[in-house]
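Here it is: the structure, laid out below.
Order as written gives the chain letters A, B, C, D, E, F, G and H; numbering starts at 1 within each chain.
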Amino acid sequence: MNRERIKKLLEQVRAGRVEVDEAVEKMASLPYEDIDFARVDHHRDLRLGFPEVILGQGKSPEQIVKIAERILTNSSNLLVSRTTEQVFALIRDVARDAEFHPDARMISVVRDRTERGDGSIAIISAGTSDIPVAEEAAVTAEAMGNRVSRIYDVGVAGIHRLLGARQEFESARVIVVVAGMEGALPSVVGGMVSVPVIAVPTSIGYGASFDGLAALLGMLNSCASNVTVVNIDNGFGAGFVASLINRRREVVSGP
Amino acid sequence: MNRERIKKLLEQVRAGRVEVDEAVEKMASLPYEDIDFARVDHHRDLRLGFPEVILGQGKSPEQIVKIAERILTNSSNLLVSRTTEQVFALIRDVARDAEFHPDARMISVVRDRTERGDGSIAIISAGTSDIPVAEEAAVTAEAMGNRVSRIYDVGVAGIHRLLGARQEFESARVIVVVAGMEGALPSVVGGMVSVPVIAVPTSIGYGASFDGLAALLGMLNSCASNVTVVNIDNGFGAGFVASLINRRREVVSGP
Amino acid sequence: MNRERIKKLLEQVRAGRVEVDEAVEKMASLPYEDIDFARVDHHRDLRLGFPEVILGQGKSPEQIVKIAERILTNSSNLLVSRTTEQVFALIRDVARDAEFHPDARMISVVRDRTERGDGSIAIISAGTSDIPVAEEAAVTAEAMGNRVSRIYDVGVAGIHRLLGARQEFESARVIVVVAGMEGALPSVVGGMVSVPVIAVPTSIGYGASFDGLAALLGMLNSCASNVTVVNIDNGFGAGFVASLINRRREVVSGP
Amino acid sequence: MNRERIKKLLEQVRAGRVEVDEAVEKMASLPYEDIDFARVDHHRDLRLGFPEVILGQGKSPEQIVKIAERILTNSSNLLVSRTTEQVFALIRDVARDAEFHPDARMISVVRDRTERGDGSIAIISAGTSDIPVAEEAAVTAEAMGNRVSRIYDVGVAGIHRLLGARQEFESARVIVVVAGMEGALPSVVGGMVSVPVIAVPTSIGYGASFDGLAALLGMLNSCASNVTVVNIDNGFGAGFVASLINRRREVVSGP
Amino acid sequence: MNRERIKKLLEQVRAGRVEVDEAVEKMASLPYEDIDFARVDHHRDLRLGFPEVILGQGKSPEQIVKIAERILTNSSNLLVSRTTEQVFALIRDVARDAEFHPDARMISVVRDRTERGDGSIAIISAGTSDIPVAEEAAVTAEAMGNRVSRIYDVGVAGIHRLLGARQEFESARVIVVVAGMEGALPSVVGGMVSVPVIAVPTSIGYGASFDGLAALLGMLNSCASNVTVVNIDNGFGAGFVASLINRRREVVSGP
Amino acid sequence: MNRERIKKLLEQVRAGRVEVDEAVEKMASLPYEDIDFARVDHHRDLRLGFPEVILGQGKSPEQIVKIAERILTNSSNLLVSRTTEQVFALIRDVARDAEFHPDARMISVVRDRTERGDGSIAIISAGTSDIPVAEEAAVTAEAMGNRVSRIYDVGVAGIHRLLGARQEFESARVIVVVAGMEGALPSVVGGMVSVPVIAVPTSIGYGASFDGLAALLGMLNSCASNVTVVNIDNGFGAGFVASLINRRREVVSGP
Amino acid sequence: MNRERIKKLLEQVRAGRVEVDEAVEKMASLPYEDIDFARVDHHRDLRLGFPEVILGQGKSPEQIVKIAERILTNSSNLLVSRTTEQVFALIRDVARDAEFHPDARMISVVRDRTERGDGSIAIISAGTSDIPVAEEAAVTAEAMGNRVSRIYDVGVAGIHRLLGARQEFESARVIVVVAGMEGALPSVVGGMVSVPVIAVPTSIGYGASFDGLAALLGMLNSCASNVTVVNIDNGFGAGFVASLINRRREVVSGP
Amino acid sequence: MNRERIKKLLEQVRAGRVEVDEAVEKMASLPYEDIDFARVDHHRDLRLGFPEVILGQGKSPEQIVKIAERILTNSSNLLVSRTTEQVFALIRDVARDAEFHPDARMISVVRDRTERGDGSIAIISAGTSDIPVAEEAAVTAEAMGNRVSRIYDVGVAGIHRLLGARQEFESARVIVVVAGMEGALPSVVGGMVSVPVIAVPTSIGYGASFDGLAALLGMLNSCASNVTVVNIDNGFGAGFVASLINRRREVVSGP
């Protein structure tokens, strides 16, 4: 793209249709070329089914709706995270096919439902209270074109429940594990599979859980080598990276 | 005991053999009576087989030997923790039956080998590097008259190893679980048994383990309700409390 | 139990009443057997008088009532922790014999009142503000079939009050000590008795208490060897472990 | 596999060649079956080219050599991490084709050099002092059958160097970014690519870097959604997960 | 000034118009002279265009208005930080030309609009949510007589946006960079310019951002040598120091 | 006192008016004697003018009033800290001479106004927002019979203000210094005087003040040797210890 | 003093012996007058028996000896803290009456042995390992002219030992309490006496003691109102403040 | 430069001496052009007198010498920080005019001694032990062409010393303040001047100084608005930024 534009300019210079000094000026604006390239990249993203995501937290309902409207002119899919039913009511005015996911506190518009994953993504959560974060990961992964299986409430203090659910997750291409308190679940799951495990600490707990710090440190020190970690309560990030890992090759290298 | 002494004094007062003022003086020394009581308690401890323990760390070899010598005049059993082979050489001069436990970094003299436990104590460790702390717990519990079963290197990232060893620990009266890194093992073990689990975080790990802090926080936030925690690397404390829990009733309430 | 089911299956195979392939299928469901085992375990728990416990925090009143209802079909006893009077009103509709413990913020249903403890459990608290956490421990221990003696407001800065109450706790089989601020009480109590002491730090205090961190660290560093620690404000956990320690031997090894 | 063994046993029972009680005994050993399964898993790992890894830290040279010897009887490839040239001298006695990687502080034996990756793995490091950790990731990824491109010394304070190296990493299937100090590089790289980025904080720095804590927190809070994090200085873990992400599909689902 | 007063006093002493003892008394009040000097300094400040600043946080609206009134009798310019529209309504009663800056949560009265800067000050912010802190810096710098250019929403995960905006900030005399989350922007900007960069961490983020701690540590560990740091969310301080750095020489050394 | 009671009892035993066994029972209640002793101590406190103090925080208005009533039957003076005007209204019903100190958030009843101090106590505060904590110290010290001089708003960034106020504090017998933010004032004051300085960190500040932690650490690391520290916001404790230090000798050793 | 110098100058001005401009110059040097005043203060200190103290840590032996020599020309007493026997050998060359205190790691020269205290100072330590810090406090207090009583090894886990030693400390004018691990001793002591208690946390302990942090936090949160705290291991500071508190009135207000 | 190269290329294209495709290739290498630009920038730096700086820490003596040699072919001035006398011996072989600064642990080569500062830079340090960090700042500032005045050992606990030295620093264009322990000095200095103050916390101290954390937090919370902060012990950074602030205008905007 960029190269095309440069080539065209050089040909115009050679043909004498553009003066050297004028061309120098245009070359000097190359940072904008970079922006141009970014736009292309951005287009490519859209075409590949990456939804645009608006972090709802810290934005006014009006701001969210305005941004959503602009995105939907170019993009098939849209996600709003950390949002409310009130914002959903407003979004529905500009996108009648929007859906609200109360557990995940997310709004999605999914117009392009092409499956883009190689395999499936398993989302495992330790306790009932971890479900909102797990759902944030699950809704994100689904909106990005993945098959998702949810395995909830299988904390390590009842290991037989996890063992009983083994079949449901051992065929996944990548696993997201969401846990608060001591954050031990990713290590146990990590030891049972040979695919990447993305650990999400949650702020669930009290006292010495220090708002998720205990779970975070536990996951960073996991004795399973296939575990990586995202920020506390960052279900969206986990679902996003899981989608990138699962992305079908031909799709990634697509036009 | 104390009551006996008071009664005798009162009778002497009544009989006129002791003057009121003299008796008042003796009463005023009641804090010493408290110390006296402590001595009785101390004797009872010895008789029950609680070894005296010397924390070797921060004491000179000469100090340790001198204290050991004094203890062994009254006491059958003795433990020295966090010590060295060099100290052992000196101790053997005053107690030829002393034993050195290199893994546990402990010296023991066990002359009274009465079994005092109701059941057995299982000591479980996550990794090979946690063994020194686990051995400190095991040697302590053995010196206090307990049957001990050791189950080492059964970390949570290879859960089948732990499941395979289940039989070895599920009949124990109390379990000590030693783990560094993420400290997840006590939660998993705790969920598999219905007896108390004493968790010992170790300083094993690197980076965000922060010298055992990650393991400590993990254990304090355990989702298993039967887990309590001792200080980082405190194998002795875990072995000591496990022995108290396992202590045979008739022994505890003994004369 | 599990063995019985396996044996029956094998006998059916031998008798030709079950096909090999069908039996293989059933064997494959062995994780469910594990769940089955868990159920048996669960039944055993109920029979032994362990109440089922619902952590109220983070659940809606409706969820709590629904879970409570299901538990009470199989179980004599039930505890709801960190709950409110509002939930209690709803619970009473499904269990007219439910009781509310406002200090402990707990609801209990205790239909099986068999005493299951060897001795008694003493619950000691440092200050008036620590009482809610102490009561959580006390109500838990009582619901689990233990005799409990409460010794409140005996903080270390008035050591004579603690000495005066000595008789009340020195005959206990296990002691729970609840304290905020500097968390010094477990060390002092621990030095006065020869039974296990379970220390519960509370979030009571201000400034450099850092929501219970100071008390927690103090307890972990206790110079008394018979002290173990649970999470900040975890009265339930302390009461639970104290009950396991106190559990009568014949009961533990019961059918 | 396991199913085969169970089927064979059942057929023997049916045929009356094995008694029911004997079969029950064998069933009871099912945890060992689990271990057996683990071995199969282990074999599969070997066949797929996952090297066995020995964490050298905390093991004696003799222990390392003994373990290495045993592994090499079953396994083509072997890695020893956090080790020394002294250990290498000993290892070479049992594996003449062993190689020492001084920067990575690793020993590798790579007899199976099948390429197993879909694409390539880029390893980017911020500063010269981060290279040992970056090399640990690179050597791991190479030993696991991946093409690796190294892009070192491209810290964010000289952004043009990173931009100049863009071509070298934007075609990778997954990127490992190693950085100490403020740990900003993963965010910048993450924003330039659409593949997963694994961030490795290093303990490089001084003062308020607090041995890598600053870098770790920076990476966990990355504003780029495609970044996940491993423990401080955990180059091996990053290389391992990158290899899992890059693993060729047909290989993963192999026989 | 002070010297003038001392000189005058000495001349009066010499002339015999003031007694030695009386003069000694006046000398003894020299601390007040110091205060006097401070007043002079204060006057000089006003003359140079330093506005007086009232930190609104923790003061009642009445207190703020009373202080504002007193300042405006001597001073041309005034700033109130961390304030509300409600306070603004009251301030307008005493200063009809007061302005409210809702984003910055500041009130300004700027009657002396002399330009006092050598060059311009660039204020760069990473995300939309960082704008309130950036505006606090910008409004402060403007009220102190500087030309300010605002470059917002150029976070490091979209490096091309920052590169595209390069021209807008590379001619500044000093740059303020405001960022939350990982706080990486100051390092990148610092590497692109050769003027001082003042980094302001914000409390924007969640989880392991620990209310701005992650950003603060990131900035303190910046690998760019021209970065200094102020307190979390301290936009005012950054704007103040930037103004001092940019201050025109002749103005600084003014009468 | 205690001795008197013991003596009387012994004389009764000797006279045969009390049986030995009955006397033994009474002796056994010696812990209560300890409490009795405590009461005497308590009486001595009252006589010396130590007010009883009720920490209002965490108590219901009714509880506070009930305790206050009981104290005032034996005690001349009373303090309630961390309380509200609402509680004051209730207290006034039982003590018409009670006073409310809104800045200090304290209620005082001072019926015995004997001066008990050797010298005076200076209370110095850094900023306007530190005044509530400073007033808590001041009201406490006054209620305990001390002359108090208040020197407020003399923070270190305007050192001439502190120098100007030097005369007001350099004659004090002990100085309380209250400061938030960087907590530097105690060091500066400590270097100017040769009496003890009690430093009180306050939770005033934002960002990296971490609710008073920065001030606390600053004060603990003071380079002035005469500085000791109390908990964050603990004005009462500082006023209490200052009173003990200032206490007139003859009073301390009083009857 | 200062006033005298100013008066003399003014008289010289009046007499015409000093020119006004020359006098202005001298006045301008008034900060030096301040230093002059400091010297007077310094002299007063010496006369009152405050020894000069050299912090040995971080100074070369030569530097220490040079400073010591200069001090001893003006001062009767001298202390060197955190020093070694090697430095002592050098000091003895310039002060043959110097003494070395190996436990306290201090050198003292005490030529003026006037008793300056009102009462005595009690130094209490919890464990044997806390003795070096306790001795630093004791040697400091003795060198400053106080009677000191040492009560060592009376930790809270053996409360009867402390009660038994009560008489030794309850008559002190001020008490220094030195403790590591959980730092509980100051609270217990504080509750037993009505004089100020200065708490010194030590870095003794391991694991979650975090080099004295646990003890420090425990002491800051003491439930006894008469406790103030100094830095970890700061025995010198505690001994210094205790001396100021104990200082005899007539001495303090001396000429 | 870059523009020149582009222009030349374009002219060659126009003249037909370079083919369009070949030129496109060269354009594609524009990132290298960027590096080229960096070199130009670098040249400009040299011309302006910015020395190249080598961080000695973590580099071998050989690496340092090699880098130094390369720098000195293009650059007049050179600094090596955190280095040793041993490295100096080697450097002198390639630069006979190199100087070693033992206090600052720096090597400098200063061939271009043009004064580049508007005013002077004052370096103030609190204690003797802070001098190495202060000297690092001073040597850096001098090597960058500034007049530097050193004011050492003027800690806040002896405020008169600082007041006495006022004249030496109040005329500076920018002030660097270096302090450990409580880090209070920058606030006091900041309040005395109207120029920027750069605060450098040092790791000097013990106990609760936590290796400079206390000083760092103190400085970040400074109540003086003109204070910014650099990393703990980062004397070089402070000297560098101070030089940028002091840089003469005409020099900055130079050709």
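Everything that follows uses one rule, which is that a residue touches a chain if its C-beta (ideal position, glycine included) is under 8 Å from a C-beta of that chain, and two chains touch if they have at least 3 such contacts.
Worth saying up front: this structure is predicted, and the values here are computed from it rather than measured.
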Ranking D-E and E-F by C-beta pairs in contact puts on top D-E
Equivalent interface to F-G (more than half of contact pairs same by residue no.) among A-C, C-D or A-D is A-D
For the pair chain B and chain F, the C-alpha centroid-to-centroid distance in angstrom is 42
Rounded to the nearest Å, the gap separating the Cα centres of chain E and chain H is 25
Among chain F residues, those touching two or more other chains are 158, 163, 207-209, 213, 216, 220-222, 231-232
Chain F contacts chain B in the complex at 3, 6-7, 10-11, 13-14, 16, 20-21, 23-24, 27-28, 30
Seen from chain H, its contact residues with chain G in the complex are 128-129, 158, 160-161, 163-166, 204, 206-209
Chain E partner, complex, touching residues on chain D are 126-127, 155-159, 163, 181-184, 187-188, 190-192, 205, 207-210, 213-215, 217-224
In the complex, chain B touches chain G at residues 31-32, 34-35, 37-38, 57-59, 201, 203, 211-213, 216, 231-234
Counting only contacts in the complex, chain C reaches chain B at residues 41, 45, 50, 53, 118, 173-174, 194-196, 198, 216, 220-222, 225-232, 236-238, 240-241, 244-245, 249, 252
